[in-house]
Amino acid sequence: MLIVLIAFILFFVKKIMTETKETARIEAFSDGVFAIAITLLILEIKVPQHAETPAVLWNELWRLWPSYFSFVFSFGTILVTWVNHHLLFNHIQKKSNAFIYANGFLLLTVSFIPFPTALLAEYITAESHSSAISFFCGYSVIANIAWILLFHTVRNPVNLLTHEGEKLVAHRFDRVKYFGFSIYTATFILSFWFPYTALIINVSLWLVWTGTSLAEKD
Amino acid sequence: MLIVLIAFILFFVKKIMTETKETARIEAFSDGVFAIAITLLILEIKVPQHAETPAVLWNELWRLWPSYFSFVFSFGTILVTWVNHHLLFNHIQKKSNAFIYANGFLLLTVSFIPFPTALLAEYITAESHSSAISFFCGYSVIANIAWILLFHTVRNPVNLLTHEGEKLVAHRFDRVKYFGFSIYTATFILSFWFPYTALIINVSLWLVWTGTSLAEKD
Amino acid sequence: MLIVLIAFILFFVKKIMTETKETARIEAFSDGVFAIAITLLILEIKVPQHAETPAVLWNELWRLWPSYFSFVFSFGTILVTWVNHHLLFNHIQKKSNAFIYANGFLLLTVSFIPFPTALLAEYITAESHSSAISFFCGYSVIANIAWILLFHTVRNPVNLLTHEGEKLVAHRFDRVKYFGFSIYTATFILSFWFPYTALIINVSLWLVWTGTSLAEKD
Amino acid sequence: MLIVLIAFILFFVKKIMTETKETARIEAFSDGVFAIAITLLILEIKVPQHAETPAVLWNELWRLWPSYFSFVFSFGTILVTWVNHHLLFNHIQKKSNAFIYANGFLLLTVSFIPFPTALLAEYITAESHSSAISFFCGYSVIANIAWILLFHTVRNPVNLLTHEGEKLVAHRFDRVKYFGFSIYTATFILSFWFPYTALIINVSLWLVWTGTSLAEKD
């Protein structure tokens, strides 16, 4: 009977570990992409060259403010995305092929972030700022679509959620799908006429997603 | 008897964890390389400089399309490679020296991907596109060989597969070894005369490997 | 009874693993950021170009000494930060939203390190060294604040510490909050008049934090 | 009695997991650094610019051979270092402060690899190759010292090895300390008079360390 008991326990321990491992590798891979994307941002800030006096160097460092802003903003965006990603994975107990590829698409939008924000940093004070802002707002629409796809594949074709996760996810899905999508699309359209206004709205939404991540008791 | 029971259970729990750890570190290291390679791709897309009017900036952003295409394509390639790598590791329960080095060679081809795709992005619309495409197709042959070596070392000199993995791997190995190798070699030769045709065939094979990863129930 | 026993054990094993997982993902993500930040540093050292004779190349390699120093110093800084981060996490058994965001802010300062140190390497021997040093000292104040916030959120609004962690953390918190903050602020102010002196004090503090990490038995 | 039994088992399961975690985070951090260093190497290979005809582009791609060689060689070096690092960690069950910092120094030499190899790729066919080769050989001596320190701290001040690890490590330590150190130092001195000969010897040692990693049954 001892042997049977041990066999049973070990069978289940192995099962728990395998199940955990199922989603764990996707999570680890995603975390890797988040961590790298967030750390690569610093490469966009270039050390000023040939600043010969202290005053000139201070001036040059000061003029880099769009780069600092862009660094902090991108960092924050990726961090909030990571926290929300993390909260979603807490409620997922299986995986499906559709989910793996939807997650891959989300990671693509995450790793793309350095480009639109560097564009913004380069042109925010220039004549051509409107194109840079529209590009940025257009990117936000696509990132929002990636989230919609991810939430969709969490329940279709296979439901991957734990029982307690069902309600939480449904609530957040609605916010992303209806509120998020309509605002980002409207902002994108607005950006062609009122670029700075559009940018301020876009950036403010950041607070909403941070709020989402804080609201959940988890 | 209580002590004996506990000792037994702990012995086996430790054994399960050690066994898992054996391949886990190789998997973690590989995942790191995949995650970094996939995230570094964005560094190839450079923010356009000195675009003074919005129209000029839109135009510059539009002219970057080979870079966007190259980014999405490389991202997709690495993602599919990662998914297939992941599926293979699900069926592996041990490791061997040959396997570690074959896996290392595969990672070398993965981390090399940014170079041929950046080359493609730079020259796809230029006079010299044929050399860039041939280089790319030649690279694909080598990446295919890395997969053949990996599948080979999974069973030689030591069989590392779980029982249920045997059949699945055999099936996929044949596809890579016969179908994959002959098509990639043919495409490489073709690329010297009909570069664009060769590139289209090469890119289409991507769908086959995505299909492979989706087909498996896992 | 056998079934009940197994059910109990598995329930608790799963509980232990879930609890471990709670902080484990934050740790893994942080480790990723530390590992990437520490490895990206090498990109700041550029291979000298057009050195035509061996003597010229030796000379060029020699003139890179501020880059080598900056590389080793940044590497050491991130390593010590990682060790201290690691020691803190050993005593944390839960997470809170405030803690996640405070940790994110700390990671922001870690990933920013390459910029002030590259600035230092570029200008340490130049006329304009004082601005570069003040910027660096100013950065140190902000990094110190990030540590203060992290230590604060470890106990507020929720106490996340294990019982044995309480005393250790209190001791280290005081050192960072009173000793660290006052010295870094004083050094920042000093740097406007005596830049090199300020830099030497700043760098020496490095030894204090290394000592902190060594002192703890853990 | 049931409760006592469960309590005992859980206590030990938690203990096993904590012990594993002790060295696991150092391993994970090290793996991160290895994975990033190995993947960053591709950034050293630059896409040729302005190659207007296919023949010119082929020629340009061909002339990059020192970069390809340097890429494959660095990749192989880091891979072999990782395998040996991995083998050592299999026999370590505790950690000490000295060990953490010795491991940090080894990681510093690993993350530095891109610089001496890029230098080699730039100057191997130039007049000034001798300086580049001496620099490279000098670097190898320092990397060897990092291994000696790591092996030393494995047993001093605290013995961190498992019982079965003792003999294996002793054997490998001797090889690194006596054979490795004397050859690398001799090669460094030789490089000032016969650079190419020194480089060939240096590169050949690579086979020895690969052999070391293969020899062990593990």
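Here the chain labels run A, B, C and D in written order, and each chain numbers its own residues starting at 1.
Quick note on the criterion: a contact is a pair of C-beta atoms (placed from the backbone, for glycine too) under 8 Å apart; a residue touches a chain by one contact, two chains touch by 3 or more.
For clarity, every value in this text was computed on a predicted model and none was experimentally measured.
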Quiz item: So what angle, to the nearest 5 degrees, turns subunit C so that its CA atoms land on those of subunit D?
Solution: 90
Exercise. Pick same or different for copies subunit B and subunit D, depending on whether their interface residues overlap by over half.
Key: different
Practice problem: Could you put a whole-Å number on the gap between the CA centroids of subunit A and subunit C? | Solution: 24
Quiz item: Counting only residues that touch at least 2 other chains, which ones in subunit C make the list?
Solution: 5, 9, 13, 17, 28, 32, 35-36, 40, 43
Quiz item: Tell me, which parts of subunit B touch subunit A in their complex?
Solution: 1, 4-5, 8-9, 12-13, 16-17, 20, 27-28, 31-32, 34-36, 38-43, 45, 47, 49, 51-58, 61, 71-72, 75, 79, 82-83, 86, 213-214
Quiz prompt | subunit A partner contacts - residues on subunit C that touch it in the complex | solution = 2, 5-6, 9-10, 13-14, 17, 21, 25, 28-29, 32-33, 35-37, 40, 43, 97, 100-101, 104, 107-108, 111-112, 114-115, 118-119, 122-123, 126-132, 135
